[in-house]
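Two complexes follow with chain A in common, the first pairing it with chain B and the second with chain C.
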Partner chain A sequence: MSTVSWITVRGLFGRRRFLLLLPLPVVLVLLAVLSRSLGVDPGEWGPPVLVGLGLAVVLPVVALIVGTGVLGAEIDDGTVVHILTKPLPRWQIVLPKLAVAAGVTAVTVAVPLYVAGVLADSVRLGLSLAAASAVGALAYSALFVALSLLTRRPVLLGLVYVLIWEGLLGNFVSGTKVLSIQQYVISLADRMAPTGLLEAGVSVPMAAVMAALISVGFTVLAIDRLRSFSVAGETS
Partner chain B sequence: MPEPTGVIHDIGYQRYTGPRLGRRAVFGALYLHGLRTAFGLGRSAKAKIFPWLVVAIVSVVAAGITAVRSQVGETVMTYAQFADNMSWLVIFFVAVVAPELVSRDLRSGVLPLYFSRPLPRSDYPLAKLLALATALWLLLGGPQLLMFLGAAFTLGDGMRGVWNELLDLLPGLLYAGLWAVVFASVGLLVASLTGKRAFAAGGVVAVFLMTTPVVGTLSIMPSRTVNELAFLASPSTLVQGVGDWALGDLLPEGQGGILIGDFGPVYAVAAVLLVAGCVALLMLRYRKVAAR
Partner chain C sequence: MTTISAEQVAGTPTAPASTLDLAGVSRWYGNVVAVNDVSMSLGPGVTGLLGPNGAGKTTLLHMMAGFLAASRGAVSLDGRPTWRNPEVYRRLGLVSEREAVHSFLTAHEFVLASAKLHRLPDPAEAARRAIALVELEDAQDRRIGTYSKGMRQRARVAAALVHEPQVLLLDEPFNGMDPRQRLHMMELLHRLGDAGRTILFSSHILEEVEQVSGTVQVMVAGRLAASGDFRTIRRLMTNRPHVFAVHSTDDRALAVALMAEASVTGVELGRTGLTVRAGDYGAFTRVLPKIALAEGIRVRQLVPEDESLESVFSYLVEA
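Our next item is the complex of A and B:
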């Protein structure tokens, strides 16, 4: 484990802040257990819990908090200078940070989704949800890490994407689904475990290609932006 | 022994003899400053982007509704429904503004300066809360006024038509006030827990978004009572429940209608308790604030 990733992990978990990440997955598991124990039809509670809460809220919000936290917090503090002045190629800074962000997000989201998927249908659904959400975690993390280098307000811009693009427009304008990571995750999970619970909005090859494109593209963009990064004071 | 040569010069130090403004002036200044901060007035262009983006979207929606109503004669949504349909934007606006109001002060450590003024502990959070609630109410009420003006000038029913529109508008504005108070108190409480604007914004959105699917799940439980009480679980559906009970016919059930049965008063009490609880916790939060 490289020093950069070690520093990043300590930056994420060193404070009490990371406890903020816990309630979201816990609520997800609690709702699934509650619905299951009361014997509600999985066809009814599956979509709101798995998609409405898990894939549409928990995954993007956790990815947003973690993804902008690994690099954005250091930029805010100004401590990013200490890393930038070390004789490290920029990709050795971005890649470990991205790996930590994607890993933490994937574990935080995939475990409760696996549990909820098993309770809803089968182990297969649980595994496919976990795998698809890990892919989604990578894509979201790449996007949000790149955002924290492109702008000084990465969280708000990320919220615009999650809330307005995926949340609000995704419901009304079907064309935006082509550029929505949430839809890729749903498609991939549905392909791996075909049940009636998930409703794919985009085709599977397209989802896979776009998810890979977004992950790689935004990572390259982040490395490129860090090459010519100027440290400025806090925005007013 | 030489004569002492040092001289004490009178360089004109003076006491302040002008009027001393008291608690009310401090409160008023904090409130006005908070309201200006909410919309990024008096700040750089960067601070104006996100608030005015939200304002622009709601205005465009209101203008669209007005245009459709005047041209086609079809009422797309009533004044009260307008607030319901804008709930995502309201959440986003709270996530933008609440951290600006409280998290920046926590982060830059200026609270000791505030509290060294004749300012009681409770006034600071109350002024901020009032500012946020006013900003939210303007955000929801302004477009409604736009819709009213559009309808009043194009419907052509004379003064009677205008009067009827006004009777529709006023409950809508009250309802927007309810939205504003509930969302402001919850959002400001969450934002006041951290000095990092980024984390505060994420936390506000997490709280509001996480609770909505809880409602969705509870409302399909195999118990009618649980179903009708399910909407208590999320601030936005709680407000809609109160609106459904208090306004009745102005919020037509139908698309996504909220079925609360006979529990209307419970919803009203819950809304009051939620706001009171959040304000109490906010006071508790500012009883003792670390300088840094």
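Our next item is the complex of A and C:
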């Protein structure tokens, strides 16, 4: 593991906000287990739990906590200066941090989604949800890591994107789905395991291309922003 | 106390000395000018960057360290720009004022991580040497979160020195240190400077600078107000007229008597009392009671008006 990823992991798990990651996946699994054991029809509980909670809330919120934690938290408390005063090309700082963010998010989200998918339908659905959410984890992480460098309020802006853009506008204005990572994840998961539980809002090629574009685009943007990283002066 | 020779500090083999150049550097935020047309060239040795709070010292240091773009002018290290150029950190170390450390790491882990990030050939040995340099061996395996302010500062200095940079920039390095730590840090800076490194530290405390460095750059309100040998600048500061506000039972009579005194260079009679300018601080404060006694006047108030560091600095700007 590179030194940057090592410090990032230590920082992520050393901070208390890490505990925020736990409740959401636990609730997801609990709801799935409860619905299944009560014998509720998966057609009824599947969409709200898998999509409404899993893909629309757990995935983006976990990605937001982790993604803004790997770099944003260091910018907030100033420790980022220690890493920046090293003769490292900036991509060698952004990529390990992005890898940690995407990896931690993917593991945290894929496991409960896999369990819920298996309980709702099949191992295939479980695996497809896990795989698609890993893709989503990368795209969200790239977005939130870049946001940490673009604004001083990355969490707030991230929440606006997740709750307003994806959550609210996605339901009323179908055009917004083109720029919704959540929709890409649904579309990809549905393609890998067509079940009728997931309703794709965008085509698969569109989802794949847009997810890749967002991941790469925001990573490149983050690297460039980090090159010009300014420490606020006393007079600012 | 462990003694470390200049050779140990310098490391081997000795790299050629570095020069940090600022050419007509300005930085503004909106319509607030933080640094105004500053030019200087820093070579080997210890230089103090002196100025009152808010003078633009930190902004200037950040520009030197590549953490802020100059709005105008150029900052370069050995001819290469410091902005958007991470390569400069091979030769440059920074200890920022903000007391931010990865508190979840031990000092050893922290300094070792710095050594690894610098891709040093022997990170463990470099970390050991840097920690020894700041005398933090005993506490190096404790989490930095448990340290006192001075110890955290030393851990940060160790991390900044681990790659033995030719240029070390320190922003208010003595803040929060106890007298012993302060002394130790001053000695360390001296040794580094004597070993041919370019050391620049900022401070708003005159005495700190006096003890560490012979050369100073004085900043006031974003401008470079004075630059050069400390003793010369200090003399300028002590030669300035001192201003006192005096209030007595008979201001007019006191003013007349004071004008006969050699140490007094000017008296102004105002509605609230006298404003007295004295060339010699000591002589004036000794003679005033005698005059008052002789004239039968009671002095109700004697307040030096310009004793704050700010006024010392602003005097320099006018000089």
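Keep this in mind: the second predicted complex is superposed on the first by the 231 of 236 C-alpha atoms of A that agree within 3 Å, B and C clash if a C-alpha of one lies under 4 Å from a C-alpha of the other, contacts with A are read in each partner's own complex, and residues count from 1 in each chain.
Note that in this section a residue touches a chain if its C-beta (ideal position, glycine included) is under 8 Å from a C-beta of that chain, and two chains touch if they have at least 3 such contacts.
None of the values given here were measured: they were computed from a predicted structure.
Visitor: Assess the superposed three-chain arrangement around chain A: do chain B and chain C clash, or do they fit?
Guide: fit
Visitor: Return first, second, both or neither, reflecting whether A:24 touches chain B, chain C, both chains, or no partner chain.
Guide: After superposition on chain A, A:24 lies in contact with chain B alone.
Visitor: In this superposed model, does chain C or chain B come into contact with more residues of chain A?
Guide: The partner that reaches more residues of chain A in the superposed model: B.
Visitor: For A:48, using the defined touch cut-off, is the partner it touches chain B, chain C, both, or neither? Pick first, second, both or neither.
Guide: first
Visitor: Once chain A of both complexes is superposed, is A:191 in touch with chain B (first), chain C (second), both, or neither?
Guide: The answer is neither, since A:191 touches no partner chain.
Visitor: Does the superposition put A:73 against chain B (first), chain C (second), both, or neither?
Guide: first
Visitor: Answer with first, second, both or neither: which of chain B and chain C does A:124 touch in the superposed model?
Guide: Neither partner.
Visitor: First (chain B), second (chain C), both or neither: which does A:36 touch?
Guide: neither
Visitor: Is A:225 in contact with chain B, with chain C, with both, or with neither (first, second, both, neither)?
Guide: So A:225 meets neither chain B nor chain C here.
Visitor: Go through the superposed model and pick first if A:81 touches only chain B, second if only chain C, both, or neither.
Guide: A:81: touches chain C, not chain B.
Visitor: For the superposed arrangement, tell me the lowest C-alpha distance between chain B and chain C in Å.
Guide: It comes out at 7 Å between the closest C-alpha atoms.
Visitor: After overlaying the two complexes on chain A, where does the chain B footprint on chain A coincide with the chain C footprint?
Guide: Shared contact residues on chain A (touching chain B in one complex, chain C in the other): 235-236.
Visitor: Could you list, by residue number, the parts of chain C that touch chain A in their complex?
Guide: 27, 29, 32, 34, 53-54, 56-59, 62, 65, 67-69, 83-84, 86-90, 92-94, 96, 98, 100-102, 104-105, 110, 113-114, 116-119, 156, 159-160
Visitor: Help me check something: in the complex, which residues belonging to chain B touch chain A?
Guide: 43-44, 46-47, 50, 53, 57, 88-89, 91-92, 95-96, 194, 196-199, 201-203, 205-206, 209-210, 212-214, 216-217, 220-222
Visitor: Under the touch definition given earlier, write down the residues of chain A that touch chain C in their complex.
Guide: 3-4, 6-7, 10-11, 14-15, 77-79, 81-90, 227-231, 233-236
Visitor: In the complex formed with chain B, which residues of chain A make contact?
Guide: Residues 17, 20, 23-24, 27, 31, 34-35, 38-40, 44-45, 48-49, 52-53, 56-58, 61, 64-65, 68-69, 72-73, 76, 152-156, 159-160, 162-164, 167-168, 235-236 of chain A touch chain B in their complex.
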